[in-house]
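Can you read through this structure? Questions will come right after.
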Amino acid sequence: MRWIGNNTDLILGYLASHVWLSIVPTVLGFLLALPIGWWANRVPAVRGVVLSVGNVLYTIPSLAFILILPGVIGTGFLDPLNIVIALTVYAVAVMARFASDGFASVSPAVLDSARASGFGAAGLALRVELPLAGPVLLAGLRVVSVSTVSLVSVGALAGVDNLGRLFTEGVFTGNTAEILTGIVLVVALALVLDLLLVIAGRALLPWSAGARRVRGGVA
Amino acid sequence: MIEYRSVGKTFSGGNAAVADFDLVIPSHTTTVFVGSSGCGKTTLLRMVNRMVEPTSGQVLIDDVDVASRNPVELRRSIGYVMQASGLLPHRSVLDNVGTVLRLQGVSRAETRRRSLELMETVGLDTALADRYPHQLSGGQQQRVGVARALVTDPNILLMDEPFGAVDPIVRDELQAELLRLQRELGKTIVFVTHDIDEAFLLGDQVVILAKGGQRAQVGTPADILAAPANDFVRSFVGLDKGGRELHVEERDGVQVVVDAQGRATGVLKG
Amino acid sequence: GGDPTEGEAAASDTIVVGSASFPEAQIIAEIYVQALDAEGIKVESKTGSGPRETYIPALTNGELDLVPEYSGNLLSYLDPEATATGPDEIVTALADAAPDGYEVLDPAPAEDKDSLNVTPEFAEANGLTTIADLSKVPGFSLGANPEFAERDYGIPGLESVYGLTGIEFVSIPDGGGPETLQSLLSGDIDVADIYSTTPSIVENDLVTLEDPENLIAAQNIIPLINSDKATDEVKEILNKVSAELTTEDLLDLNAQNQGPDKTAPKDLAKQWLTDKGFL
Amino acid sequence: MSVASDSWDWLTDSANWSGDAGIPHRTLEHLQYTGLTIAIAAVIAIPLGLYIGHTGRFRGLAVASTGALRALPTLGVLTLVSLNTGINLTATLVALVLLAIPPLLAGAYAGLESVDPATVDAARAVGMTHWQVLWRVEVPLAFPLLVGGFRSATLQVIATATIAPQVPGPGGLGVYLLGGLAVGDYPRVVGGAVIVIVLALVVDLLFAVVQRLTTRRRVSTPDRV
Amino acid sequence: MIEYRSVGKTFSGGNAAVADFDLVIPSHTTTVFVGSSGCGKTTLLRMVNRMVEPTSGQVLIDDVDVASRNPVELRRSIGYVMQASGLLPHRSVLDNVGTVLRLQGVSRAETRRRSLELMETVGLDTALADRYPHQLSGGQQQRVGVARALVTDPNILLMDEPFGAVDPIVRDELQAELLRLQRELGKTIVFVTHDIDEAFLLGDQVVILAKGGQRAQVGTPADILAAPANDFVRSFVGLDKGGRELHVEERDGVQVVVDAQGRATGVLKG
């Protein structure tokens, strides 16, 4: 544990960049997946394509993905952008499915009723479909955020600073404390972000607590 | 006045839900479409606010073909109460009631005022204003649905089996409430149900529909009971098998009305 | 390919220092960083930049300006055909082999190269002193970084130069670190490729097999730098550092890094520079 | 693009298709690790998940701990365990099993939870014992979601088993990625990744078929884990 | 004979669903529990087959306390038709009907024979035998539920709002079918509903329940209509507000029976 005390700056530095490398792909992936999921929910053929492409993307081994990117899209070899792009792709792959499920979860009766009240197409999408897909979108976002935090560490093998460094460096020096610190911080970071998402969900979706019952009642 | 002129609807699958349907619905009265499941009641109802477009014929409101009107505006101008309320689960009761007003650009304060007023009109405690739909009972949800449909003070109110999902006791209450409201407001109501008792209770004019949206009989409840047009109507209203044939038995000095199956249905008076 | 960061990195006058991803390289890179910084030169530390196959391309496309290198391995990377094995030959050859716009500075006396080690018991039991003696051991297993399986100085060289056969190769990607050592001591492997400056060799009385054929090239520490950034002042500082850096220093630094204190590369660099009077 | 054509050359080079370092052997190894991982993880997670789903007990705990497990960085676990074990599969299996448990566990308890409580109540009411309710009603009805759990666990393990050679001992398809990386042979890295992807897709397809076969004649059940 | 002896049930939340309930249900008759939602009907019914354990008092079948019997065997010996059928969605109709027989170890062939027989008894086309429940209409599902409950020829049949989920026309059919079956089989039926009309139609004995499982009145339908015990019962059966007070109007020479709200309910005969 003395090691931690001696290296707080190093650890905090890795933690800070780990936070950024986790949040940016999660947010980007979420935003990109929304229109894709919405579209996929509209057009069954698109949904099929989105789901299978998502499957393929998700099976690309993360290390290979991060390492190959510079050769494919011309980013720098040490550029954190490689990780951001790779993890954004994973995030979109997972999130698009959730987004499509989320929009599908909106009760057709409610949509019909909103249309009948005189909502136009845009109003319907933004003011009815989007908020009602909220609970499923949140569930997806939670999965994406947790797995992104955990995946960022692989980037250490490609020379990008983050908590994963504590694993790669700890191995060379046989430093169990260092590796453990890394694991604990990664898990803690994931749980903190998850908690924040849950709190944000409560604030933004105050109606969702018992909403399942409504749908159950209608069906 | 709403008028159907040889209206037909064939859905994309080739399913002819309605064919060559004619009807005049007088203003300020309640017309009830009644028929068994799938006979085309909802299809006919939704043609009025263009939620369904007829494939042939026309629907006219006060002699104007609805096809010539902007659907979004048309819908905002007509009250529509759906089966199982169709409330927006992510909006409070008050916001649900005020939805159309807000869409029409009415100010927030004015919307609030009118929504609260409407809640009172339909017999909803205004203390419920900030609840979400799932926090209400089935009957309360239906009242919110009615309030929402009435908030813009539309001339026409479409009601599609609005009381189908609530339990019989609450349903009785809601029916009584609707009768009271209609006495006060005098809207043109088009009401859909598959319950012949409900149709007879609410309808000034009852339209009995057979499969494919065919008019089996149109008339007042008493007319239909007194002179059913054919066997289909007779069976539908329960006049066959003696279902509506009542007789009187005396029990403990009380005149009990009993049906053909021996079921006690009421007490004779006067 | 065209790299978007190229122009930007080259235009700045900051020297970005990278290194391989193992502790010794990081320590030396940190020494460069702090030595330059002490003289008021703008530096940025991006140490631990992956394997050579990542950081050399990163260097040539402008993401990095300076890396500490190992002379022999660098030469065989830059020129796979090169045959030089002696320390001076290699440095001479490197001057030609360096990519356009890049140059190597003075090599340090400090050397750290792959070395094949066995336990004293195993050496005694099989009468081993040189790599050639391994031919007496039928079917031994050898643990090393994955690249050892393919490099000239690795399995191919053992087979062609020393005529060894039937080597069971075990990939242990920790650069001769604790896992390699543990595998050797527990008998999971018979021979371990451990960098010669690794303290565990001495601590465990391991027998380092001699290399009479000079299969494993000299590996002096040598800075590889972007010529645009290699001003006279920079060269002077780095050459002074190299002149002071000895193999014993590396052993000592590694021992502190891997010992119970696990002192971080940054701190070790600072300590070395202080001891040597740079700070 | 030359990486693409070089990768194609690597993939089609017959030298890469034979021997212990050949693609067939590495694929087999990869499948072995995957199979072993899933088997161990299933032995742990499925009974636990069935218990939680059947009784409704410890549900909060299960949700929280699967969340934490999902957050565990596989690379970290792998290195940590490998420092304390020899040259064998232990570290790889520990890391991969921890990865596979959350989807399996969630598939099992979410599967049982997806069964209509009225159906379970009906099964009890006709006189089924607890075991009969579990095996004759809950498990068959939860089957699509159970298989779904296996499906996502297996895919994740196949993709992640590539980091196994990060520690001494294991081979598998990750050898191409790590070895290729170590000597800067990008075509080999890409080729290895392509094989992993193809393998994952084939396995995914098999699962899809199983799911289709087991769901076909039944009521449609929601297929999310 | 089923007997409730000062039975009480307080759920874990502290909710006293039923308190101090006494009742004797004679054999070979139909007893109907009727009351509004949440009054404890289901709770009382499920005490008979130990799906609910009373927290006080006893339930006896033929003078044996059910608490002394093995619950699994007890349940297999009592027919139970649940609201919304409660069929096993992954088993065919035939397997659903035969479930209990198979649990009792009856051979596959014999189970098949008896199940097909029962399908006929309840008026189900045996061609439906290999379908899955979701491939049936609501009414057909209810019949399967009844067949399943009857397949072991139990003496007691518990029915919990079995016709609540089907549309009124089908419900009428099922009610008629049940009356026919009961005439043939003479089981001891305990039937739960919240529809007073259904209760009056089916019940030899009707138990009107108020909140908390309190007996408001017990008697035959005619007894209750003729002499409602109190205001609660009067309002529940619709005798207040003139709901069941009928009078006769002549229309086109037909004697039409009209209720207090002017709603035509039938035609007077004899």
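We just call them A, B, C, D and E in the order they show up, numbering each chain from 1.
One rule holds for everything that comes next: a contact is a pair of C-beta atoms (placed from the backbone, for glycine too) under 8 Å apart; a residue touches a chain by one contact, two chains touch by 3 or more.
Owing to the predicted nature of the structure, the values given are computational and were not obtained by experimental measurement.
Colleague: Given the touch definition stated above, what is the smallest step count connecting chain A to chain B?
Modeller: The fewest steps needed to get from chain A to chain B is 1.
Colleague: Name, by label, each chain that touches both members of the pair chain A and chain E.
Modeller: B, D
Colleague: Counting only C-alpha atoms to place each centre, which chain is farthest from chain D?
Modeller: Farthest from chain D by mean C-alpha position: B.
Colleague: Per the definition at the top, count C-beta pairs in contact and tell me whether A-C or A-D has more.
Modeller: Ranking A-C and A-D by C-beta contacts puts A-D first.
Colleague: Rounded to the nearest whole Å, what is the centre-to-centre distance of chain A and chain D, using the mean of the C-alpha atoms as each centre?
Modeller: It comes to 20 Å between the two C-alpha centres.
Colleague: Between chain D and chain E, tell me the centre distance in angstrom, where each centre is the average of that chain's C-alpha atoms.
Modeller: For chain D versus chain E, the centre distance works out to 49 Å.
Colleague: Mind checking the centre-to-centre distance between chain B and chain C? Centres are C-alpha means, answer in whole Å.
Modeller: Each chain's C-alpha centroid was found; their separation is 85 Å.
Colleague: What's the distance between the Cα centroids of chain C and chain D, rounded to whole Å?
Modeller: Taking the mean C-alpha position of each chain, the two centres sit 39 Å apart.
Colleague: Two or more other chains touching the same residue: where does that happen in chain E?
Modeller: Not one residue of chain E touches more than one other chain, so the list is empty.
Colleague: For chain D, write out the residues touching at least two other chains, lowest number first.
Modeller: 82-83, 166, 178, 181 - these are the residues of chain D that touch more than one other chain.
Colleague: Counting only residues that touch at least two other chains, what does the list for chain A look like?
Modeller: Within chain A, residues 67, 71, 157, 168, 171, 174 contact more than one other chain.
Colleague: Which two-chain combinations qualify as touching?
Modeller: Pairs satisfying the touch definition: A-B, A-C, A-D, B-E, C-D, D-E.
Colleague: Write out the stretch or stretches of chain B touching chain A in their complex.
Modeller: Result: residues 46, 49, 51, 72-73, 75-76, 80, 82-84, 86-92, 99-100, 103, 132-135, 138, 148, 165 of chain B touch chain A.
Colleague: Where on chain D does chain E make contact in their complex?
Modeller: Against chain E, the touching part of chain D is residues 116, 118-119, 121-129, 132, 137, 140-141, 217-219.
Colleague: Can you tell me which positions in chain A touch chain C when the two form their complex?
Modeller: Its residues touching chain C are 2-3, 6-7, 10, 67, 70-71, 74-79, 157-159, 161, 165, 168-169, 171-175, 177-178.
Colleague: Mind listing the chain D positions that touch chain C in their complex?
Modeller: The touching residues are 82-83, 86-87, 165-169, 175, 178-179, 181-184.
Colleague: If we count contacts the way the header does, which residues on chain A are in touch with chain D in the complex?
Modeller: 55-56, 58-65, 67-68, 71-72, 101, 142-143, 146-147, 149-151, 153-154, 156-157, 163-164, 166-168, 170-171, 174, 176, 179-180, 182-183, 186-187, 189-191, 194
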